[in-house]
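Order of writing sets the labels: A, B, C and D. Residues in every chain begin at 1.
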Amino acid sequence: MCRWLAYTGEALQPSALVLDAQHSVVAMSLNSPLGAETVNGDGFGLGWYPADASSPAHPAVFRSIEPAWHDQNLREISEAVRSPLFFAHVRAAAGPPIQQTNCHPFRYDNWLFMHNGSIAQFGLIKRELVLAIDPSLYPLIKGTTDSEVLFHLALTYGLADDPIAAVGAAIRKVEEAGHAAGVQFPMQGTVAVADGATVWAFRYSSQGRSRTLFHSADVPTLRTMYPEAERLAAFGDHAQVVVSEPLNDLPGVFLEVPESTVAVLDPTGYRHEAFLPA
Amino acid sequence: MCRWLAYTGEALQPSALVLDAQHSVVAMSLNSPLGAETVNGDGFGLGWYPADASSPAHPAVFRSIEPAWHDQNLREISEAVRSPLFFAHVRAAAGPPIQQTNCHPFRYDNWLFMHNGSIAQFGLIKRELVLAIDPSLYPLIKGTTDSEVLFHLALTYGLADDPIAAVGAAIRKVEEAGHAAGVQFPMQGTVAVADGATVWAFRYSSQGRSRTLFHSADVPTLRTMYPEAERLAAFGDHAQVVVSEPLNDLPGVFLEVPESTVAVLDPTGYRHEAFLPA
Amino acid sequence: MCRWLAYTGEALQPSALVLDAQHSVVAMSLNSPLGAETVNGDGFGLGWYPADASSPAHPAVFRSIEPAWHDQNLREISEAVRSPLFFAHVRAAAGPPIQQTNCHPFRYDNWLFMHNGSIAQFGLIKRELVLAIDPSLYPLIKGTTDSEVLFHLALTYGLADDPIAAVGAAIRKVEEAGHAAGVQFPMQGTVAVADGATVWAFRYSSQGRSRTLFHSADVPTLRTMYPEAERLAAFGDHAQVVVSEPLNDLPGVFLEVPESTVAVLDPTGYRHEAFLPA
Amino acid sequence: MCRWLAYTGEALQPSALVLDAQHSVVAMSLNSPLGAETVNGDGFGLGWYPADASSPAHPAVFRSIEPAWHDQNLREISEAVRSPLFFAHVRAAAGPPIQQTNCHPFRYDNWLFMHNGSIAQFGLIKRELVLAIDPSLYPLIKGTTDSEVLFHLALTYGLADDPIAAVGAAIRKVEEAGHAAGVQFPMQGTVAVADGATVWAFRYSSQGRSRTLFHSADVPTLRTMYPEAERLAAFGDHAQVVVSEPLNDLPGVFLEVPESTVAVLDPTGYRHEAFLPA
């Protein structure tokens, strides 16, 4: 339903990936070759931890209901800031309302969250899911998306303490509620969360046929593979990306994240492990 | 927190009251002499039952997050349509989010609803109030305002069968929840609802110090009082308005609706009765 | 660069063609099979002569920078009004700015104007074209599009007196200026103008390879061709449409308007004649 | 018609002045005590030279048509960036259109420009002024304001070489054209321009009754005057501001810039000189 990208590594202008790549996030907003929808024009968001922020990091979020492809402010901001960890998201709404509070990423304290996919028949189980959210978190919900509810479930289940377990518990809650309501495959999608230092990227669906997700090969390897690629000079050795679909067509640059997997990107590099095997 | 107007009578271009009056709704958006806030610039809405609609009437709603005062589309639409019953509302938000789903009027089937005022410390009791809404209505809530919750409470308590009793029950629920949470004066405001034929306008606050509300004197009387007022020629004999504050400075044209009162405007004219006396 | 539709005939809700057709204008905004661009998501406009307007007719215009596909206000308004002559347009901008003043249709007095296509290398000749506009009309230009300049050239050259000659003169001016600046094929596109009673639709390009344009077969004939088509009951015998591409896939319902042609749609029906043959 | 602020000094989060001051720019958008209009709700803009930009500096611009007072993105961005020189502007439009291209500041290469005030009877002389703009600059005009035309006149007259002379020549051109058209007092306002290192702030009107303009006293002096003012700790010794009206009510903190004066703010401090004496 959407496309997203998460970057971590040396501080970088988001424009390098949001605007300047062959299949940049802005390009995907108008034409997404691997997306469930071709057009992701129902708003966008950029969340970033500023390069010179004092710790603990507090991310900034810029969200708009305009399509990303011609948005001038997105161009300005993604070129004017630098960040060691940022999220970008373009939305294809299942339906209205198109409003900033339905744009990703969502934020809580130092956490960012974004999602591509959907909770099947969300209207059927929304009330039950919302009731499961910690009452102290409930008033923080500002929009109407399934994604924002999923985020607040994960917060309820301890995202700050154990992100993998908390997202797992949130998805299990969605599946339980969905199955009880007769929904065969309640959960679909890819999810990214970050705390300012680490990105956790989940690929999971109840059916085992999840939205696509890719991560970049490590940059020193890419420099060896493509010694003449001038564009690589823009990136540091620790630059890494997890993204809904490859940012370019070069073989070997983007590798698929497997089904039912959580990928972890931090200063030590990329790794992944099984997530919620049936 | 807002200003609103409801009209019923001969089919009329809304622009006659929304744009062209001395203190029109659009003028109030920039400068409201009697408002709790001077500026009501956080979006607006126009709801109208089209003049040539087949019955049962289905109202149209045009809402925008732009300030009303320079909105070109509002000018166009309020001049291009004609309606025997319409609502206009300009919003002064207690806070973000500014989004169409937070603009009044709200609609359900053939019903329109709008509100000026607030539920005190809404965040404290929002969850309890939302839980009291009929689960079948719950997924229809699209925004984050106290007003939309109040509307869905009234729908839950039988708005379609007995509007006065249902709005009364909704307010009582707000007061019970508020008092239980230690809020002294939970409810404040004026509320209008309509079904396409009748307007019910409520003025009530827990403290007995409600937002202002006025209704127009009947037009034949006004023609006698002001025989040279050319502007009166624009209105039919059954034209009547209930509005947050007078649309002009002429003595006797606008009369205050008393505290703790519900006014009823229908083809037989204006009447009012006591509402929720302590 | 865009898609558009013009309707004339019995008063009709625009939603019948803007929302409800198989390939409605709203559907074309997200996916235009025959368009130069697949996505026409850079705003839209609806211009209509209200069904109950006193004469001379004054058209209303509703324009927005949101994509048409999820715009709630467009749904509301196109269902709530009725009109014997309306224009609908969805925009694919060659570039920013995306602003209401760049959305079609444009209006002057009782005239509406819209355009699909472009003036090649407009930046090169914009100043010369603007200088050719009547100085009394010059301050009325509010946006930055080539289309709005073309409209004001046509007004300068007598649109109100002889629409076909005036649009012809405007295009000739564009071609002269373009050729002088070394542009091989300065003009591209389809143009519609209306005065409230008649629609003139032009298909022309300097290269002789114009954007597509179609008109509907007459309704009595269609009733004979498709006696079981329930949808035809929604239309009167004088309903006719000219549109960038067919609104459905039924053979014989939409017929191509030839190259270098102006089509005229009025209460006597459809006719066309050669326009600006080389 | 507007309110603006320009800052230069140690790199600072714009939020310190845009959000956090007693009479911050955002506060002025809703309620400007000294403004020609109380409400400046017709959009806003933030222009800043990023703190870590390589030279020559290229400013970023974030503009929106929303009122500043509840805009979430403005809060986010003004807190997330740091800049040694930034402009902030809130607009009160003389009339529509409300569009991003009419929001200040305007930019050309490394230059920023903003304006409070107006060219009297602009419609009368707009065409003549636009014709005086260098044809190579003409296509860069994207909006409809007098301010943007004034900026492009100043660019035409050599802003990059001699800003004071160029702004003077632009204003003289406005006055000549206005007087020729029978306008008694063609120019009104305050103007700020910057090149990334220096701010030039002009206060001038043909009538000699210009909009208000103030500059801050130097910070070391303020520390002596107000030794217990904790807020001063947020500012470096070279922090200086020029602003439409004082940001707080403390005596001696903001000093008026005289009539017919240009103020120059650069790393050596504040100075001013006579500008266009009659």
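Quick note on the criterion: a residue touches a chain if its C-beta (ideal position, glycine included) is under 8 Å from a C-beta of that chain, and two chains touch if they have at least 3 such contacts.
These numbers were taken from a predicted model, which means no experiment stands behind them.
Asker: Check A-B against B-C and say which one is joined by more contacting C-beta pairs.
Answerer: When the contacts at A-B and B-C are counted, B-C has more.
Asker: Upon optimal superposition of chain C on chain D over Cα atoms, what rotation angle is obtained, reported to the nearest 5 degrees?
Answerer: About 180 degrees, rounded to the nearest 5.
Asker: Specify, for the interface formed by the sequence copies chain A and chain D, whether it is same or different in terms of residue numbers shared by both sides, with half as the dividing line.
Answerer: Same: when the shared numbers are divided by all numbers used, the fraction is over half.
Asker: Go ahead and note the Å separation of the Cα centroids belonging to chain B and chain C.
Answerer: Between these chains, centre-to-centre, one finds 39 Å.
Asker: Enumerate the residues of chain A that touch no fewer than two other chains.
Answerer: In chain A, residues 72, 97, 100 touch at least two other chains, as defined above.
Asker: Please give the residue numbers of chain A that touch chain B in the complex, ascending.
Answerer: My answer: residues 97, 99-101, 123, 126-127, 131, 135, 138-139, 141-142, 144.
Asker: Show which residues of chain A lie in contact with chain D when the two form their complex.
Answerer: For chain A paired with chain D, touching residues are 48, 50-52, 60-64, 72-73, 76-77, 79-82, 100.
Asker: Quick one: which bits of chain D touch chain B in the complex? Just the residue numbers, please.
Answerer: Within the complex, chain D contacts chain B at residues 30-31, 38-39, 41-42, 65-67, 69-70, 72, 93, 95-98.
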